[in-house]
Each structure stands twice: as structure tokens, then as C-alpha cells.
Amino acid sequence: MENTFNKIIELDVAMKHFRDGMIIMFGGFGGIGTPPTLIDGILDNGYKDLTLIGNDAGFPHIGIGKVVSQGRAKKMIASHIGSNPVAGQLMTDGRMEVEFSPQGILAERIRAGGVGIPAILSDIGLDNDIVTGNKQTCIMGGKKYLVETALTANISIVFAKKADPYGNLVFDKSARNTNPLVAMAGDMTIAEVEEIVPLGSLDPDEIITPGVFVNYIVPSKGVNWKWAWE
Amino acid sequence: MENTFNKIIELDVAMKHFRDGMIIMFGGFGGIGTPPTLIDGILDNGYKDLTLIGNDAGFPHIGIGKVVSQGRAKKMIASHIGSNPVAGQLMTDGRMEVEFSPQGILAERIRAGGVGIPAILSDIGLDNDIVTGNKQTCIMGGKKYLVETALTANISIVFAKKADPYGNLVFDKSARNTNPLVAMAGDMTIAEVEEIVPLGSLDPDEIITPGVFVNYIVPSKGVNWKWAWE
Amino acid sequence: MGVEIRNRIAKRAAEEIKNGMIVNLGIGIPSLVPNHLPAGTNVMFHAENGITGMGPSPEKGKEDENLCNAGGFPVSIVKGASYCDSTIAFGMIRRGRVDMTILGSLEVSGKGDLANWIVPGKKVPGMGGAMELAQKAKKVIVLMNQTDKYGNPKIVDECTLPLTSARCVNMIITEMAVFQISSHGLTLTDLFTPYSINEVRAKTGCSFTIAENVRVIN
Amino acid sequence: MGVEIRNRIAKRAAEEIKNGMIVNLGIGIPSLVPNHLPAGTNVMFHAENGITGMGPSPEKGKEDENLCNAGGFPVSIVKGASYCDSTIAFGMIRRGRVDMTILGSLEVSGKGDLANWIVPGKKVPGMGGAMELAQKAKKVIVLMNQTDKYGNPKIVDECTLPLTSARCVNMIITEMAVFQISSHGLTLTDLFTPYSINEVRAKTGCSFTIAENVRVIN
């Protein structure tokens, strides 16, 4: 494949962009759509003290769950961790801080970070201490709203079905989920893809994430986990 | 075509949903992507005193420009009207009120209305009277931001390349522009489409606007204007 | 709760689904609801992870590793289905385009307060999408047991557990009865055999009125 | 301004475009810039209406009625192009993914204030996407005449026209010279023949420093 934009790299090269203590945002929802090869790379390279931002904590051996289960995260911003009991235990033991955000609002906060909007106003969970926390409020038209701030990350990792050498991405079915949002929110975005196709072979109407948002493309070694339902 | 969801209707039936004085939001950008058949329907049925919300005022004889040129709008919310001198004249003469919003922020305000977010914070045009107007501000992290409120409409009209009977939409090239946003923001959304295809024949990955947001589908009589560049 | 009773609850819930609706289903009993829809009902099932038009679970061995519901379990899709990102899936909810959500609960108050996401002192799993659905779906139906495992009513005057959302539940279906909740409070509308209204009263933690014509369901 | 001079300005601007950049072009002289890029430069031209990867104008008769730039004029696309909605097109700008915008202006101050959208007392056309581009593109290059039609300098100490955005312009290219703008103010870096620095000074409304090695461009 012609590497016209120098975006196609090997896993070990991609891993050099990571550091201990980084804020990493990950695509995926219930394990599906989280890049397995990049996750294994992070584990194999021993990165730790990470702040993880994404929909959920996956399952103990699926998706971002593996990073959490191995104690590599000092903090997580997610909408739930119920599917990963290890995450719950780490939180209870005070070994991982967890900040909860309502699922749709979390997705919007990630998108806001991705499109350069500083915050959105929200009326979700207004009467709920865990949601409101120390969040700023804003009165508009006599009603109170929460100021839900944008989220960004040092590196975003996403999983796609296909990429061309510019990093234009196409996702597969419900593995799309939060990936197009996460792809925009990273200061650097690395996409793990199942297939790399020549420039010009993706239909421009069908591209979901424009390559503008993608810095690097890493070929996937394939989905390598056992599913929660197995 | 099987009309499983009773969404496919004729132009004259669609027109019965309009009223004088309504807030109408339209897809399109520089005339392209604005539904020509629905626009002609609005003109032929004499609807007036409309509030129009959309990217721009089109050209005098293209897109929403025709509605503006015939004096049917009492107000317009847009990012510019420079391509339609008639609009400028109506504004100068005090016959049409115009509220300007920076283009990308206008698009986000429409999207916010579409996804049920009350407002976004913005730092675009903060030092500009025309942008700030009487808008509320919000201090966050010591910085001032504008509260840019969501926009919705009584009816949204959009233009798509293909629809299935559920109203799932696929757009053509840059005629996509603001259409997917406008499609979400209407209390009722009517899509004018170039082609209606059987349920199940659109690739679910390639659908841009889920039919959830589309109430009615009207077959297009085709693009019938002369282009600005002709 | 036995399979038969769960199915009786699910079947009653299925009656609420009308042609053309967009419906979000929680886990547990709600997932049984589609099995009880009359053939030819055009309903689109919605998932928070970005599916409109979910179909039944695939046969074993035919699961698609990139296609799951919001809980991470394999599903299929129907004709007319589409995929979107999570912001759009929740946009449908917040914009009021999701006609109904059917979910389980720990407690519901007679005013319609919903408490289904957290038990203090136990693990805090996070709210997921429960708050958006409870606050913004056009109709919220709770399917649950009349009492908890200690025999205490789950329909109460005031919820003792932290609320997911206040005054959001429109209907409760238990193994004993069906209740509507409006601004006038709780009303019993249906009774499942063999229960009597007095038996229901004994297991309900708040007062309720009785509809004019109570339907009895076998 | 003659075609030759316009092309000289556009050619100099083209030098600023590096491989791999994402560039947004305004109308007028900026639209000539692509003609002066060395063959094989991998640059993606961005349009606010949702195109990444615009190509040249199509041949007459080959226009596509659903494919235009942000001004409504027909364009083509290159390999690797994609379409998106306007929020994403502006998301690219606000997120800092657009490397450069090249645009015209009515006035620019020595501090980099841009005034290019409104002349008070004349028609108010609206700001379009100018504010987002001026505030958020990583580099803002202005291509314009050294003076207005009355001979008054367009590079001024303080803009007299309402600002599009303050302190946003990084570079000005006129028919006489090229200026960089930094926190230290305005610096002349290039001089177009046959003009002298003194001639440029006479037609500039604010002071500027001279770079160590001024390049002279024929």
C-alpha cells in the first residue's frame, strides 16, 4: 500500500507515542469497537498511571477492561463500570478514581472536545449528586442547567473496519458506537483498522471519520478476545 | 413502493402541514441541498410571515432564496445573506428581520436542537457586537463564553438522494451540508428525495440520517433552478 | 420469578407497543417483550450504542463480533435498520423521538419517581444511559416484581434508594397488577389472576385508586 | 489588480503550503493558490459546507449539481476526499485540524487584527464562516492589495472597520511585499520587484521592522 501521507505505521512505532500518566480516550461500547491490538500494545509496553476516558470499563478480559484489570489506570471517566467487577473492586479499594457521566452526555462531552466546543448545557441528572458533583450551573430562561465540559485526550485510540492511506475511516455495524467521536477528541488519534484500502477506493459519501482527524493507522491483528456471552 | 410506515406522501398532502407564521428550518448551503419541490410547494400555497432558519439566504432564484425574494419571510436566522441581494434589500428596508450567527456555531445550534441539548458554550465572535447581541455569557475557568442556544423549528425541510420507506436518508456529495442537522431539529421533518428505494436496500452503515428523525418523505420533481454560476 | 410469570408481564407490556413506535428495552424481563408482539407490528427497537432496528438474538455460532446491543450481547437487525454513533442514539432519546422505554427497577414511588441504578453501600456501577431514558423517553414503563426478595413492596410512597429520575414513570407492570401513574397519582388498571385487589394493596407501599373497569388478565 | 500580479501573490502564498496540510481558501486571489503548488504536493483543500479534498473546477458542462464549494460554485474532488456535515467541517477548524486559511481582507492591523466582513453603512452580508476560520485556523494568511482604491493603506495601526477577529493574522502578502506578524509586531520579509522598502513604507499605515535577510521576488 502506498503510504502517501506517512500515516500507516507498525504497532511498535505507534507505541512510542504513549507515556505513563497520559490521558487516553478509547472508542468502544461494552467491549465492542475497542482496538484490541493497540490495547495489547499498551499492556505489553507497561504503560501505567493512565487516565482512561470512554463509555464503560468493558469486561475484565475484553476491550479496555484488560487495561483496567491489570491496574494500569489511576482514573477513569465513564458512564458505567458494571460489566467489569475488577473495576468496581479497584474503585472500592481506592486504587482507581472513577468519574461517572450519564452515557449520552459523556458522548456529547467527547464530541464537544472533538469539534472544539468548550462545553454544553445539560438537564440530565440535575437532581442527582453523582452527576452534579462540583459542576458549574447556568440559569437560562429561568431554568437551571449543568455546564458539562468538553473532554479531550493526549491520544485517542479507535477501531475501524477500513482506512485509506489518508486515514479516512469506515466502521462496522455497532462497532461504530463512540469511535467517530473519540477519533475527533484526541490531540493525536491512532486508528487500528481491519483493512487498509488504496486512496480513492472508499466512497467519499460513506466515510464516517474524515482522515483529517486521524494521525496514524495501525493494521489490526484481529479481534482476539472471548466475548462476554461465550 | 410499499408504504409500510405511511411516511411516503404527495406534495399536496405535505403542504397541509404548513401554516402562515411558522418557523421553518431548511437544509442547504449556497442553494445546494435545499429541497426545490418543497420550496415551490410553499410558494404555490402562499405561505407567508415565515421565520426561516438555515445556513444562508441562497441566491435570488435558487434554494430558499426564492421564498425570501418573494417576501414570504418575516425573519431569518442565518450565517450570511450576501449571495442574495434581495435579502439584503429587505433587511435594509426593515421588511425582514435577520439574526446572524457564525456559520459553524449556527450549525451546532441546529444540531443541539436536533439532539435535545439546550445550549452550547462558544468562544467564536466573543468581541463582536453582532454575534454577542443580547446573548447570555458564562464564565468557565476564568474565561468568558457565549451561551449559544439550541434552535428548533415547527417543520424542517431537507433534501436527500435516497430514502427507504422508513425515512432513512442518504445524501449526495456536498448536498449533505446542513441537511442531517436540520433533519433532527424539526418538530416535524419532511424529506424531499430524488429516489425512494425498498426497505432493506440501503446499507445500514451508509445511512446518514436514521428514519427516526423523518416524519414524511416526498418524491422530488428534480432540481429545477439555474445555478449561480450559469 | 418463573418464566411463565415473566412472560405474562412481558406480554402485557407488548400490548403498549403500537405500530411505528421506536422502543428502547432494558435488560431482564423487558428483553422478552418482542416475543409477544403480534406479527406485522412495525416497531423499531433502539439501542444506546447506535442501532435503530434491532432484531432477535442470532443463532448460536452466527453471532457477529461487531454487532451487539447496549449490554454487549449479540443481536441481529431488521430491514430498515441503521447504525449511528452514540451521540445520535442519545439525540433520538433527548429529542423525544423514542416513544417508549421498558425497563426494570429497584423501587418506584406512587408519584413515578424511579430508583433503579444504585444501592448505597454496594458497588456503584454508574448510571449508563438510564437517566436520559428515564427523563426523556416519551413513555416509561417499569416491569418488576411487586415485592423484593424480603417481601417488602417495591412500589412505595417515597423511594428510599437514590433516584435515577423523579416523576418519570408512566406505568408499572408487576406479576400482580398493572398501574398507571399520572398527575393524580397511582391507579390500578389491570389485575393478574389469581390476585385480588386486597392482596395487591397488602403488597404495595403507597395508596392507589382503582380504575373504573379493572381488567382481569389470566 | 492584473492577472499577473494576482498570480504572483498566489504563487508566494503557495510556498507556505507544506505536504500533508489541510488548507481552507477564501474567494478571490486565494482561489488561484492551488494552480501554483508543485506537482505531487499532498494537500487537502477544505470547504465549510463539508468537503475535505476539493479539486479544481470541473470543465464546463461537467458540473455536478450536488457538488459545490462554500460559495456555491461547482468544484471537483481528489482521491481521498470525503464529505461530512457542516458541524464536522467546522469541528475541523475549531479543533485546530485546519493548518491554514488563506483569505482576503479589507484591513489588517500591525498586531494582526482582521477586518474583512463588514463596511458600516453598507449592506451587512453576515459573517459566514469567517470568524471561526480567523480565530481557529492554525495559520491565517491574508492576500490583499497594499492600498484601497483611493490609495489608502490597508495595513494600518488600528483597524477602522469592525473586526472579524483580533490578533489572528500571521502573514500578509500584497503586490508589494510579504509581512510576518508575531507578538513583536509586523516584519517585512519579502519584497516584490520593482518596489523598494521606502515605497512599501509610504503605502503602509503602521511601522514595521525589516527582516535580516529580505528576499526579493521577481
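Read from first to last, the chains carry the letters A, B, C and D; within each, the first residue is number 1.
Definition applied: a residue touches a chain if its C-beta (ideal position, glycine included) is under 8 Å from a C-beta of that chain, and two chains touch if they have at least 3 such contacts.
What you see is a predicted model, and the numbers here were worked out from it, not measured in a lab.
Novice: Give me the set of chains touching subunit A intersected with the set touching subunit B.
Specialist: C, D
Novice: Based on the averaged CA atom positions, which chain is farthest from subunit C?
Specialist: Checked the centroid distances; the maximum from subunit C is D.
Novice: Name the chain pair with more contacting C-beta pairs, choosing from A-D and A-C.
Specialist: Result of the comparison of A-D and A-C: A-C.
Novice: Provide the C-alpha centroid distance between subunit B and subunit C, rounded to the nearest whole angstrom.
Specialist: Centre separation, subunit B to subunit C: 36 Å.
Novice: Nearest whole angstrom, what separates the Cα centre of subunit A from the Cα centre of subunit C?
Specialist: 29
Novice: Measure off the straight-line distance from the CA centroid of subunit C to the CA centroid of subunit D, and report it in whole Å.
Specialist: Roughly 57 Å, centre to centre.
Novice: Which residues of subunit A are in contact with two or more other chains?
Specialist: 108, 115, 117, 123, 171-173, 176, 204-205
Novice: Show the residues in subunit C shared as contacts by 2 or more other chains, in ascending order.
Specialist: Within subunit C, the residues that touch at least two other chains are 83-84, 87, 90-91, 93-94, 136.
Novice: Let me make sure I understand the interfaces: which chain pairs count as touching?
Specialist: A-B, A-C, A-D, B-C, B-D
Novice: Help me check something: in the complex, which residues belonging to subunit D touch subunit B?
Specialist: 47-51, 63-74, 77, 83-87, 89-91, 93-94, 118, 123-129, 131-132, 135-136, 162-166
Novice: With touch defined as at the start, can you tell me which subunit C residues reach subunit B in the complex?
Specialist: Per the stated touch rule, the residues are 20, 22, 42, 44, 46, 52-53, 77, 79-84, 87-88, 90-97, 136.
Novice: Tell me, which parts of subunit B touch subunit D in their complex?
Specialist: By the definition above, subunit B touches subunit D via 29-33, 55-56, 59, 62, 78-83, 85, 88, 91-92, 98, 100, 102-105, 107-108, 111, 123-125, 127-131, 161, 171-181, 208, 223, 227-229.
Novice: Under the definition above, what is the set of subunit B residues touching subunit C in their complex?
Specialist: Residue positions touching the partner: 4-6, 114-117, 164-166, 168, 184, 199-200, 202, 204-205, 207, 210-213.
Novice: Which residues, counting only subunit A, touch subunit B once they are in their complex?
Specialist: Touch list, subunit A to subunit B: 108, 112, 115, 117-123, 136, 138, 140, 145, 147, 149, 170-173, 176, 203-206.
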